[in-house]
Every structure is written in C-alpha cells, then in structure tokens.
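Next come the structures, one after another.
Two complexes follow with chain A in common, the first pairing it with chain B and the second with chain C.
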Partner chain A sequence: MSDTGDTHLDLFLFSVCGIHFGVDAEQVSEVNAYLGEPCEDLFWFHEELGFGDEAITYLSPTIATIRAEGGQSYRVIIDVMEDIAEIGLYEILPFPPLIEPFALRKGMWGIMVRNNRLILLVDFKLLLREQSHVEDL
Partner chain B sequence: MLRQFGIKGQLISIVTISVVVGIVLLIAICIRTATSEIDSSFKHDMDVKQTGFAGILALNGEGLMGTAAAVASDPRLKQGLGPAGGREAIRPLIIDLYAAVKAGNSTVQSLEVTNAAGIVLVRGHAPEIFGDDKSRLELFAGALRTRTPQSGMGVSLRTQSLTLDAVYPVMSGGTLLGLVKVGSYPNKDLLIQCKKAMGVDIAVIDSKNGREFGSTLDGAGAVIDRISTRMTRVTLGGFEYDAARYPLVFKGKYVAGGEVILFTRTDVLTGITRSITINMVLAGIAMLVAIIITVTIFIQRKLKPLPNLIEAIGKIAGGDLTAEAIQMSQDELGDIARMFNGMAENLCLVIVALSDMTGKIITFADELSANVDRQSGFSTQLSSSAVEISSTMEEFSSTASQIALHSQSVVEQADKTLEDSKTGAAEVENLTFKVNDISQNIQANLDEIVELGKKSKEINKVMAIINNIANQTKLIAFNAALEAASAGEAGKRFGVVAVEIRRLADSVVESTSEIEGKISEILDSVNRLVMSSEKSFQLTREGREYAARTVAMLVDSVDGVEEITCAARQISLSTQQQQIASSQVVFALKDIEQGVRHSSTSILHINSIVKELVVMSGDLKRIMGRFNLAEKGAP
Partner chain C sequence: MSPSDEKLKSERILNELKMRQRSKDIVDVEEERVKVVTFMCGKNLFAFYGSDIREILPSCDISWVPCLPDYFPGLINVRGDIESVIDLRHFLGEEKVHQSKQLIAMAVRGDFHSGIMIDSIEDVVDIPLSSIRPPLATLHGAARDLVIGEIEYGGEIISLLDVGKLAALIVL
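And now, the complex of A and B:
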C-alpha cells in the first residue's frame, strides 16, 4: 500500500466487462499491451476473480504485472485502464458483514464511489494467498 | 243501482228478484186457483149434497109409500072396502092402523082411505071428517087413472108446512077397491138426520115469501133474503157460513113453492185455504231458496273465469300485452277467453310489426332527412353554381366576342412566331455545343474527386499509426505513473509528468478518433460527389440529346406554325359562332337557375315535412313503448 501520510492511497483503476476495480498502485509493477501471445503464467482477471463461465470480451486487453512476495511476478490480464488516482481513506467503505467473508476470499477488501461509479478494491496479494490456500487443500 | 255488485251480483239479484216475483205470482195464482177450485168444489159438493138431500126425501117418500102399501094390503081393509063393508066397517081399523103407523114413523101426520071414486071414507087422524072428494087432486087422480102408487111432495096451505104424501091403490082381483093415502110432514128431525149424513146445515123455505119451513140453524130465516142461488157468505150466530139456495126437488120434480138452502161453515173452507196457502208459501220459499242456491252456484261456477278475464283485460288496457286469460270452461266465457287470447296475440303481433315498422320509419325518416338536407345543400350549391355558370357564360360570351376580335392579331402573332421558331432552332444548336463542353469538364472533375478519395484512405492509414503510437505512449505513461507511485514521495513530481503524458496520449487518441470520423465523412462526401458528378454527366449527355431533338422539333414546328395560322383564322370564325351559342346557353342557364330555385323551395318544404315525420315517428315509438311484449317473444 502506498501510504501518503496515512490519509491517502494511490489506486490503479481499471475495468473488466464494465465492472470497475481498483488496486493499490504499489502492487502493480508495470503494464503492457496484450498481443495475444500464449504464456503459462498469464492469467485472465475474470477467471481469477470468478466471474463465471460466461464468455467475456476484453475491449483493450492489457497485462498488469503484480509484485508477488519472494520476488516472483504474477501477471494478470485486465481490460481498460482508466486512471491512477489518489483517494482519501475516508472514501473507502468496508463490505457489509454478511458478504465480507465471501469478498475477502475473492481478494476484495473494500468499496468506494467515484464519479458516480462503484469501484471494487482488490488486493492481488490477498487473492494469491487465498488461491494458494485452496490449492493446498 | 246494481252496478256496484258487478255482473255476478247483478245476475244473482235479477234472477233472485225474478224468481221471487215468479214464485209469488205462482203462489198467488195457485192460491187463487186453489181457492177457486175449492169454491167450485164446494159448490159442486153443495150441489151433490143438495142431490143427496133430494135422495133422502125420495127415500122418505119410498118409505112412506111402503107404509101406504102395507096399509093397502091389509085384508081387513080390502074386506071393509068390498061390497059387504062400508065406512063404519073400516073406521076402527083405520084409526088403529094410523096409530100403529105413527108409532113407527113420527113424521106421519095423516092416514086417509077413499073409495074407488076418490071420496074420503075415513081419516085416521081425523075420523069425524069424511066425504070430501079427492079425485081431482094430482096424486089421487093419478092413482085412480093408472091404478099405480103415487107419491109427491107439496106445501100444505093449511098447515103452512111441507108435506110428503103417498097414495096407494087397494086392489082385489084386479078391481080397484079404493085408495090409501099416507101423509107426513118432513120436520126438523129429518133435517138433523140429513145434516149428520151430509155435514151441512139445511133450511127449507117457502119460495114465495121466504118463510122457513124447517131449519137446522136457528135464525136462518133472518138471512134467507140475502142468499141467492150462487154461493153467498152470511154471518149467523157468530159464525160465517157459505150458503147456496136450491129449488126443492122430489123424485126429479120441482116442488112448487119450496126451496132448500144448504149452509157450510166458512172456517172449514178458510182452514183448508189457509193450510193450502201456508203449504204453498212454504213450498214457494223452499223452491225460492233452492232456485237461488242453484242459480248462485251455477252463476258462480259459470262466472268463475270472469275475474281472470277482467284482470287480463285490465292488463291489456294498461299496455301489458303479455297478459293471458285462462280458459277455464268450454262455454261462451271460455270462447271469450280463447278469442281474447287470440286477439291479444294478434294485437301483440300487430304491435311488434308496428314497432318494427316504426323503427324502420324512424331510420328511413332520419336517412330521408339527412338526404333532404344534403339535397338541399346540393340544390343551394347547384343554384349558386347555376348563377355562377350563368354569369360565367355571360363573361364567356363577351370573351368570345373579344376572342373573335383578337383572332386576327393571333394570326399575325403566328406569323411572327414562325420567324421566332427559326431563330430559336439556330440558338438551340449553339446550346448543344455548349453542353458538350460542360460534359467534358464534369468528366475531368470526376477524375479529380476519385483521386481525392484515394488520398483520404491513405490518411486513414497514417492516423492508425498515430493512434498506435498514442496507445503505446499511454502504456508508457501508466508505467511511469506506477513507478512514480511506488517511488513514494520522491516520485510524486515524476508522477505528475506521467499523468500529463497519459492525458496527452488520451487527447491524441481522442483527436485521431475525431480525425478518423472527419475523414470518413470526407470519404462519404467524395462518394456522394462522384455519384452526383456521374449523374450530372449523364444528365448533360441527355441534355445534349434533348437539344438535338429540340432543333429537329423547331424545324418541324415551323410547318406547324403555318398550320396554326390557318387554324387561327378558322378559330376566329368558330368563335363568332360560339358567341351566338353562348348567348343561347345563357338564356337556358337562367331557366335552369329558376328551376333550381323552385326545387330548393320544394326541398325545404319536404325537409319540414320529413322533420315532422321524424317527430311523429318518435311519438309513435313512444306509444309502442307503452306496450309490454317481453313474454311474447317480441324483439
């Protein structure tokens, strides 16, 4: 988390299939254009987050490289990059208690509203931990 | 007065009154007849009793005759009347016989014996009187002449009483020896016996002076004068009697100077009459009651359907045509109910038919009214049109005059037009050459425009390259921003630059998008321009062809104009004729206009009549609506 005096946070904002997401800009090391090349360590964001089996179309597929622990990299394909914005922590709201456990298992840790849009905040590291835990089981 | 009781009450009352009057009259006639019959019977009974009384008298006469016969058959008398006898010889005998006869019959008052010449020899009741001649007396003369017994009744002038005598001849071997006469006075005892036998009181009177010879009633002589031969009612001794006066008859012969009166108590007759009257009245009352009950029951039964019929008629009168009279009997009322139902059904059918016809009339009247309104409008329009046509025709007539006047100038103008047509043909030929030049220029412009389209597509390719560069720049800017964010406060200024670069890249992308849109619009315009130029080129070529044809046509029109000149002259003549015809048409149109005005007036009148017909149809429908047809299967 990029701490700007403990009151602000830099978020990398993007969207997949019209759903807006935000991730701590410190977790993304770089972004590149996806040209269709096959690669085993490349994952589609909608599959990681569990959008379901529906056919998803990416308008502008982009590879976001995630900084993983132990110096490993984790690459995930996202759709349209929208902005890198500094937002106040007071703008971030927790999930309702009823769905919070489910959201945390999917790597989502909060929500915020910006420009009349609902943005889901994703922690890729938390998502990786949850997936590793599932694979271990 | 009887109307308040209805037909049933009236019939019962009339029948009751008639029966009462009839029975009263019948009773009166019966009583009268019975009384008359009783009187007649009583009179007849009195006649019979009078005959019976005469019979009793005759029987007394026969009894007296027997007594005389017994005396005449005495042998001592025959012997004393023989040649050896004489008055003295028979005197004691006669006295003894008189005493004996009187002892046996108290009414016997005399006993006389005469010789064969009728000279009295001895009187038993008066022995000292004798010698008088009796041969001229009726009974004695008859007996002497016929030698047969004679009897008779008469009135004794001496005793002023009724006498009954019997003369019997005394015969011996066919020789008349003398006569025996026995006389008696029928006294009150005889009358009492007769009363007992016949049940009536009897009085025997002198017919000359009415003096009473004998009577079973005390004081009968006082009322004898008031009694005639007809039945007469008299009061005697406090009682009423019906009395009749008869001649005194003995053996079929009237007794001169004697009459008999028979009396009967009226209370007997009154009792009989009263009894008959009471019985008749009771019988009449019983008959009256029986007749009234019978008639009432009969009328009740016969008139039982009447209330139902009245109710049905009342419903019909109130407009309810569903009413139906129940046919309770097969008589005239049943026929009336059946005929009434038939009449109601027929009326219902008539009303239904009338209602349908009314509806149709209303519909037709409405349609007729609408048509008349429309016709009125048409007529008005026609009238105004006729006026307009008339005025137009007048103008047309004047115009025709003017046309005739100007036809000559038309001919002149046609000559001028001929010259102008020749000039126009030359000008059009020049125009054809100009159009050829324009066509060539359009073809050159078309080539240039196609070339412009090709270059616009090349610009599109360049814009794709620029767009790609802008996207890569955006990626670089994002990576720079990410690096700046990871660098913390130190990379913040660098982050600002990265953001600006990203925004610049975004602006480039937006600009290239706009340029691409504009180029697409240019290409569309070029395409439309190419098509338009091709169409213009085609039109120019067609115009050139048309111009060539126009030249040919103008050449041809020169001949046509010459013909037109001739035609214009002909038109001038025709126009003059048309002027005359138009005047005639104007007169005809004025007549038509007058006719149309009359027609409009008639239509207005028809329209008012049709409106009245609509109102009357509505009234008729309301009247039809008063009738109830629901249970008759009416629509």
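And now, the complex of A and C:
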C-alpha cells in the first residue's frame, strides 16, 4: 500500500512511435480525435518528451485533455490509445538510477512490464512542473 | 647407514613434490592476481576487471526511452529487473552500430550498475596484478578518460578500462 492508501492505479495506455506509455487515468479528462485543427494550446507528445529530431508519424492522432494544477487543462496530441487498465502499485518499478534524473525531467516517473513490453509511466503534472522550473531558470 | 634409514625413492620423490608445492604456494601468495574480461569494441580489444562484470547477456531487446543522452540506448529487462544500457562506443569514439548485434556486459561496482554494450567477448583471464602497467602517457583520444592501465594479452598491449571512470563520465 502506498502512503496515500492506494494499492492500484488506473492507467490510460497509449503509444507514440512504437513506444508504450501510461498515464494515471485520473489526469485525463477527455479524449478526442485530432482532425488537424491548428491550435496554440495544443502540444505534440513527442515534442514535449524530447523524441529527438527524427520525423515522427502518428497513426491515429488523438487529443488527450489533461487536468493540470489550478483547474487548468493541458491538451496534448498522443497516438493510438490502447487501453485503460487497472494495475497494482507493486507492478511499478522505478527507473534505473543512472537514467532516472533524465526521465523525471520529462515527467517519466516509473516503468511497468506488461505483455513483455516496457511501459513508461508519465505524470503530466510533473512534466509541466519541470517545464516551468526550466522556464524560471 | 642401515638400510632402514635410507629413504625410499618414493619418499624422496614425495618430499620433492611437497617442497615444490610449498614454493609454488609462496609464489602464489606473493603474486596477487586479478581476473580480467577481454572484449572487442569497435576495432580494438579492451578489458574490464572481472570483478566489475556480473554477467554477459546475449543481444537482447533494448527499449528506447525519449530524452536520454546518446550514450544511453535505453533499458533492458533482465529477469524482471529493469537496467540501463550504456553504449561504450560513444566514449571510445567509435562509430555506432546496430544494437541487435551487440552483447551486454552487466557491470556492477558499488552503487553503479548498468549494462554496457560491447561487440564480443574474447576471454576471461587471470593476470598478475603486477603486470598491469600505468596508462601510456602518450595515450590520446576518447578512450583516455576510461583507461586505468595497460595489460599484455595475446602478444599485444590492450587498455584496461575502469567501470568507476565510466560512471564518472555519466553526467546526471
């Protein structure tokens, strides 16, 4: 059991460019198809996470609206929503110590193995906080 | 001397063997030895201390993680433990190659543990500690920051790399 008394987490699972991610389903308030509309407050997941300079193709771009702190919302384009799954907290592993500092800076806080795949757990609130720290510097 | 005082041939041989054994033990005590793992990375042979290498894994799937520096190709799942992987070629100034052909040496020293990508394993050998020479003063190139000494192996001089120095190069 965690400090918060939770034993399970509902994960919203999706992938981008063949990399699998999970986010606490409580953070996702809405999911809509992305129809190509330009919008200033819309972010591409691969740009937010730092996928590098290679061109990324989204097979089924989807807008996930994230409940951010202070009642704000944050809209990010992800790809291929896969599932919503309940997982036990005991299934979550921290990142290896050498990699953890890099991962945390991009909001990635844990890993789980599901069907032989590694799933990277992303906390969008952590990502936004880290981004605001960088902007403050 | 009575015939009974005379040492039998077998006794003489046995004594000699025991003396030889004792002198070998003395030599063994004096000559501290260490295990080194020799391996190929790029065009060159290198070595790590055997005590720093826990196991060698055959090539396995490396899961890429966004935002990591080039020298971290990603993560591997080692019997349920998730481990980082370091691309040694980056630090040796060697060209990158396709990961599927690489082996992974699991390195552990103190708090540091990570997989290290290498091309192939050559050998695991015991060498006298005294045979490790200081790094060549003329050593240059990217490998200089990783080398702790030079050893002779198979008639050539190869660089002994230090896992601790590698750990120090990882900028968090």
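Convention: the second predicted complex is superposed on the first by the 132 of 137 C-alpha atoms of A that agree within 3 Å, B and C clash if a C-alpha of one lies under 4 Å from a C-alpha of the other, contacts with A are read in each partner's own complex, and residues count from 1 in each chain.
Please note the rule applied: a contact is a pair of C-beta atoms (placed from the backbone, for glycine too) under 8 Å apart; a residue touches a chain by one contact, two chains touch by 3 or more.
What you are looking at is a predicted structure, and each value in this text was computed from that prediction instead of being measured.
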item	value
Side-by-side fit of chain B and chain C on chain A, or clash	fit
Three-chain overlay, vertex chain A: chain B-chain C angle, C-alpha, nearest 10 degrees	30
First, second, both or neither for A:10, with chain B first and chain C second	first
Touching partner for A:120 - first (chain B), second (chain C), both, neither	second
First (chain B), second (chain C), both or neither touched by A:108	second
Partner chain(s) touched by A:99 [first = chain B, second = chain C, both, neither]	second
Between chain B and chain C, more extensive residue contact with chain A	C
Touched partner set for A:89, first chain B, second chain C, both or neither	neither
Which of chain B and chain C A:80 touches, first, second, both or neither	neither
Which of chain B and chain C A:68 touches, first, second, both or neither	neither
Partner chain(s) touched by A:28 [first = chain B, second = chain C, both, neither]	first
Lowest inter-chain C-alpha distance for chain C and chain B in the superposed arrangement, angstrom	26
Set of chain A residues, in rising order, touched by both chain B and chain C	none
Contact footprint of chain A on chain B as seen in their complex	471-472, 474-475, 478-479, 481-482, 485-486, 488-489, 495, 499
Residues of chain C that touch chain A when the two form their complex	63-69, 72, 75, 77, 80, 82-84, 86, 111-114, 170, 172
Chain A residues touching chain C - in the complex, by the definition given at the top	19, 46, 49-52, 93, 95-99, 101-103, 105-106, 108, 111, 113, 117-118, 120
Complex interface listing, chain A residues touching chain B	2, 4, 10, 12, 25-26, 28-33, 62, 81, 84
